[in-house]
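One structure, pasted below without further comment.
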């Protein structure tokens, strides 16, 4: 498999022309949230902002009080009905973070927009991923071993013991879906046509093992897709930057929002060729 | 056109005498907000505070929960009726940020105060700008190319391709109104009497292409007018400082509130002659 | 008049013995708040925390949503009735910040506790200050020139032109009340017995001329009284530290909460003899 | 008694293997909160996050608006009934912070989970501690002298004058419960079997004498138990790290959340052998 190197990842960084404006550099839709998890969609939104999204709209159940960044756009919903997201302008989406039992309805509402989408957390259910495959809508899935096992019908322990095998199995089960199997290290796989692509991340560390870091990653990958990267490139670069940010800031006791906040500096360091 | 230079801009910085107090250095009214955009008026208020306003009052629909700076004064409104802003004490205003469909009513309520006003975002509609012209109330408009096209009845692409032409057209259509056409670079124009004044900003960068940076700018320009600068000077200095702040902090992934928070240091650097 | 020097002020700093605990280093009651001014009591609480209070309780109308520090104790009230503050444990109080039309009732409720009290902002009314004089409860008043004029029945301009005279007049009108007349510089006066004491602050700068800095000061002085300093010492040291903090951090565009947050470092510098 | 040394404490630090994930490094339940004390459970949650918990769930009365970290999981409750905490997944708990009159019911609800638990603040009542003894559920109690006196039926002054004696008395009254008697210095005692273990902390300072620092400590100790440390080790290491954090950041005016935020750096310094 490909080992993600600073040089290769730096080459993927989307440029930003002199006439860039907030509408041209990528708009992201984040969809999630539930009474128990009011922070998860916020962390995803923060990840998207920090990864360079020009605009981030967060769709969430209206009864929640989300402590969103001042820079995000709110889209409170009475329900995740079919037309709930009509009128949202975005080039990519991330769905599932903190959605709990509402994840199914949320993912279906997002699917109707036919945007490249990151499926995370509670949206990582076989039937939802299959729906993306069936509809031919580009998707990235970001399971941890437990979620991967749920998708495969296996055991988390087996996934963690053989991550490359598990990533391969997921990629084969869900053709054209980019698989990001989180762990130490994170493994990526993707069945584009005939062959199977593999990549293994080289950044990240155990201090990142805490709640919310996965939500941030979902927002990062969505922002990179919104900026124009194909899903495979967005996933590889997103995972790499996320881990790089963790390596630069990471101490046990790190909070996930700090990981997001460290992204711009990590990205700038990568761009300047300071990462080895 | 005039290229904005550090020396010329430093000369415009309003002084602050030894007996200055919060009521003497400029009071700003910010008017905006809507269910989807609860951050926009907050960012404008923050911009005004950071640009040196002594007091910032934020008028907004009472049903919103605005996460205002502790230092702002709240003016929650049942509606944007004629007398809604009676009793507000300010020397300048900024209106439209995040106001959505309420922008029209908000701008009319602000106009009744006859204060020098920045019209931004949803308040950038031809009939509202014309009302300021007709009433002889000083105004600054801060459109991006899409909003400029709406004001001119043209296309955003054409505006972006020929920003000097578009700024000129706006300045001629709205005499005495200072035009700030945002872009890379931002162009300013103003038809004072017979002639037309032009300026081109020399600060700013594409990392600032993200949601909320325009809201901050509106607050900055309003604060400089409240401090006593004529609209043309406030607009030029405001645009310059805003871009300078972005150049000092700006990395892709910057959040707009960070741009505001970097203003005092940028201003101090300009004042000390450290900017070239 | 006495010019406040670093050496004299350092000598006033309350020590903190090895067995200090949160109940022994000073507990402060902050009373204020109103729909328009939800930040003012929060800033006063922050000032008290930052000046070393062990516990800070904030009493405020229950319908407000105050964004208090996590470390403050809430005391939401249905009304400022006589018994509203029964059970509050504190050694000093600050009242009036952001209280608007409720200041009168709030000040009377606080007076019933017979604690050394800072009267600020909307509580600066002649009848309220007189009540403290009459009851023999130690008080510090912190008017700006406009509030001083209201207390004296004169004009703000005259107060600002002759601050020493105005401070003297206030001290004579309200015997034993410590007068802090805010300005550039801030002047203090106090009629203890026969004679009149005067002091002039040597710290502070015009960048501090912005909303909320006075609220912070009220909390600082209350915390120093709660720590055991007599009102005259607490007022002089509080004004000095507040201005020192502003001199160390102060740039135009400073927000009042930053002034509070800079207090511990300013205090430590004063304690270490690093201030000249 | 044992004096806590950097070397001994560093040896207790739980490692974090390469395949660590948020579910494997320790999940903490925080239970508390009341109308007056909305910050206390938040500070405990922050302490747990900063001490390395992978997940932190906060159970609190549903009518409160807790300003939780984005990374925490919410568990709002209609009441502290028997089944209120069913389904919460955690390896350790902290209960009592800011619970006021609800502490009894909260502690009983937590006891039903049979997790190693820190009993703090309002949960420090003899009958509650006895219930843990009776049920054989591991417990750490963290009284200050006033709370210790309440547990012992004595006077706070006597406790503070003879902390070793008071700690011994508590340890004997509550066999197998780890006693953390907060003060200057903090003393720990524990009756494991026949003998009595004693320890005296060597970190911390009087600047930490302010509201909320104890809430942070409760969360820290719970997180270390959730990471797998036995209660005696978790209590010693937690107290040591908490004080070390205070020594590195502590100035009069420190806020408790800053103490929590400084924990990761303090822990890293201890791990690298930089603490003497």
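To keep things simple, chains are lettered A, B, C and D as they appear, and every chain counts its residues starting from 1.
The rule is short, and it goes like this: a residue touches a chain if its C-beta (ideal position, glycine included) is under 8 Å from a C-beta of that chain, and two chains touch if they have at least 3 such contacts.
What you see is a predicted model, and the numbers here were worked out from it, not measured in a lab.
Novice: If you check the contacts of subunit A and subunit B, which chains show up for both?
Specialist: In this structure, no chain contacts subunit B and also subunit A.
Novice: To the nearest 5 degrees, please report the angle of the rotation taking subunit B's Cα atoms onto subunit C.
Specialist: 90
Novice: Could you label the subunit C-subunit D interface same or different, taking same to mean over half of its residue numbers are used by both chains?
Specialist: Mostly different residues.
Novice: Quick check: how many Å separate the C-alpha centres of subunit A and subunit D?
Specialist: Computed value for the inter-centroid distance: 35 Å.
Novice: For subunit B versus subunit D, what separation do you get between their C-alpha means, in angstrom?
Specialist: About 49 Å, centre to centre.
Novice: Which positions in subunit D touch two or more other chains at once?
Specialist: In subunit D, residues 65, 67 touch at least two other chains, as defined above.
Novice: Would you mind writing out the residues of subunit D in touch with subunit A in their complex?
Specialist: Against subunit A, the touching part of subunit D is residues 16-25, 49-56, 65, 67-76, 263-265, 267-268.
Novice: Flag every residue of subunit B that touches subunit A in the complex, lowest number first.
Specialist: Against subunit A, subunit B makes touches at 35-39, 42-43, 46, 65, 67, 144-146, 160, 182-184, 206-207, 209-213, 251-257.
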